[in-house]
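When the chains are written out, they are named A, B, C and D in that same order, and each has its own residue count from 1.
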């Protein structure tokens, strides 16, 4: 078994127009910048993107939005230090937004990965984000029914990956990544280093390889926060 | 912050008659034998015990049943190489059984820990284990609604614990233990070794300390499978 | 073998052993497949993977990519499978807790689960956890597996020792799952379940379709050719 | 301070600073408590823990027991808090994914969450995520936190800059949560919410209950004594 892809471009090559794509990360932490930029180079349109945020600056998810690839965002917090890309298109009515409380977003993704089609949560009960959703009472308290979230693809950043797809993460760059690995039909992961099977202690595996389809080594990945501070802008193939 | 208890007896001292107690382990792997035996020495009665199994031989949970402490078992597989303790009392109508499919048991415990009062699962749909439970259809498939499981206490076996209650486990002795840590009002853990805060790499923590109340060091814990092969029997205070 | 043997004699004398059924099932598992083998007899499938193929075996209690049993005396009782037997690890193994383990199962991440059966009905219902209402019931992970894996196969004797069919129109034993089985490897045949019907794919070369039908509790349908079920001596 | 000052002048001149409100809230956090501090102004609470007490701070993006910001230039952008600011780790820290993080929140494992507010109603409803229906809405983890932590506190100016009350009978802004707040630390007072009523516990010594009531959009109830709200210069 060898799940290695030779390049980011090859790894994302199956993602086509209209796909639902989960993208890992919380802000820039755990964001798979190289995979996102490879996807921008391919430029499939009409995507639904699931991420905690909706891009920052002119790189990563923001650059996907700039490139006109994103029809809908599912996220909890579409604001950032430089939210222009999303804000302009949203206010112009060019991009749809499904706003989900952060914990509900995480749990809906986990439910998608765990085969749980719906669950009840106290979160958002009595608020406009629960409008139209079934409610139920358990033990005298009110709860909202939420549905699972699944995706056609997940694009993920991890730290070490082995040829079986077992993964570890770097610090809080873990965030949504392990959940999204579970919830997509195909999971594509960039790692700083690929090792042979056996190179990760089985006790330290965070994402077991069963949730991973493709692993591509990107030895020194770019960091979104630093790119934004440097004023970088990705326009497909090149940084402007 | 220091969550250490000086002994197994002290650690379980708050568990009283009528308590709902989750006990970690899958068969003997991950079973907190010393904490169970300390509880037998205290001998609270009318307990509800949640475990994957219902005891083996004449030690651990089987010895609790022998001692007349268990009013109800919630488990998936109340059979073992020597299931006499449970079988005899169950067939005599002296102990209640709630039989739960193994994955549903795990998910109900996780739901208890995660504040999810109910969820839907395909498991057991159309079988007698779903009788009386609400069913619903999502995307053309039928599902059973299952409720969370919580407990007053969880008694757990881990490998290394720090003074904050962060835990690692040994191999497949992990099983239900991390879930039960989350789902109990008070979680009591025996570990082979206690280290100071900082003694476990934050990347390798399996159970974060927020889910743990008491940690007691049992340097060379007994292993249920070996005790059964040796024909040991625990009768409170002594091995017969 | 003469064609005039009674069905009963045929069933006793000419049938696959458990190992041979396991061998046949193993031929359908692809390289790199994620597989859960039910406790007991289905566990034998792991031994008969064709050369060059390596499935990744999953056990409910939280291991991916475990291997053979260790030598006696070298057991680590924290390294066991769902049947509580000691196992070993292969390179690329991972440990995880029970909720993650059943997320793999329920979430459709396993390619194949292979289980034993008391009865299988022609619409794919499985009964394999309880004979009646007496004794101590125990279900384990079977009900999760049958609604989780992408394909759920059964390995079973074609009929009981008393000659009662195990492939039936409707299960009379308590169900494990509804419409969940897609393929059955029996002691005499390989049968798919499609559109609520048993479809015969392979049968022992020494028996006729009529002889097989006589051992079966529901109609065997033929779609295309029925090939010979040929396995090595094991 | 003279008692004949107008309420407006009092509100402008005699009020706690943000740091002082954070200090006051910090006095109610016990040693060893698990605490989530909302993005922005509530984060200041961490600075003012009384000597000898050490809370464990939780951030939604998957860290327990993080500490102060690193020195400029020493940031690790994989080590950030929910506000995406760089943080450091304390001994005994742990990393975990977002579902486990919100299991801690929703499952009632946090002792205290402290949030900012646009409005709080006398039955404990909180509005803090959206002013109206214009612009880009963003909710983050606030709706989860208010229904998760054992105690959910608010730190807020007692009134807006325009003098409009933030403690009201009914919130007019979109709700974050229903009946979820139990204590409010304002620029002028400490107020509990009990049985659908604002109960005044502490107020600035320089103002009367009537002056405070005039700044408040719902009735302030007195149960027992009202003590002086005294904080150090910060």
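The rule is simple: a contact is a pair of C-beta atoms (placed from the backbone, for glycine too) under 8 Å apart; a residue touches a chain by one contact, two chains touch by 3 or more.
Quantities reported herein were computed from a predicted structural model and do not represent experimental measurements.
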Both-way neighbours, i.e. chains that touch chain D and touch chain A: B
Distance between chain centroids, defined by C-alpha means - chain A, chain B (Å): 35
Between chain C and chain D, centroid-to-centroid distance (C-alpha), Å: 58
Multi-chain contact sites of chain C, meaning residues that touch two or more partners: 63, 95-96, 99, 102, 105-106, 147-148
Sites on chain A at which at least two other chains make contact: 107, 110, 114-116, 121-122, 169, 171, 202-203
Full enumeration of touching chain pairs: A-B, A-C, A-D, B-C, B-D
Touching residues on chain B, where the partner in the complex is chain C: 26-30, 52, 76-81, 83, 86-87, 90-91, 97, 99-107, 109-110, 121-129, 169-179, 206, 223-226
Footprint of chain B on chain C - complex, ascending: 59-63, 75-80, 84, 95-99, 101-102, 105-106, 125, 135-144, 147-148, 174-178
Contact set on chain A toward chain B in their complex: 107, 111, 114-122, 136, 138-139, 141, 143, 147, 168-169, 171, 202-204
Chain B to chain D touching residues, read off their complex: 1, 110, 112-116, 162-164, 166, 182, 196-198, 202-203, 205, 208-211
Interface residues, chain D side, partner chain B - complex: 31-32, 34, 54, 56, 58, 63-65, 89-96, 99-100, 102-110, 147-148
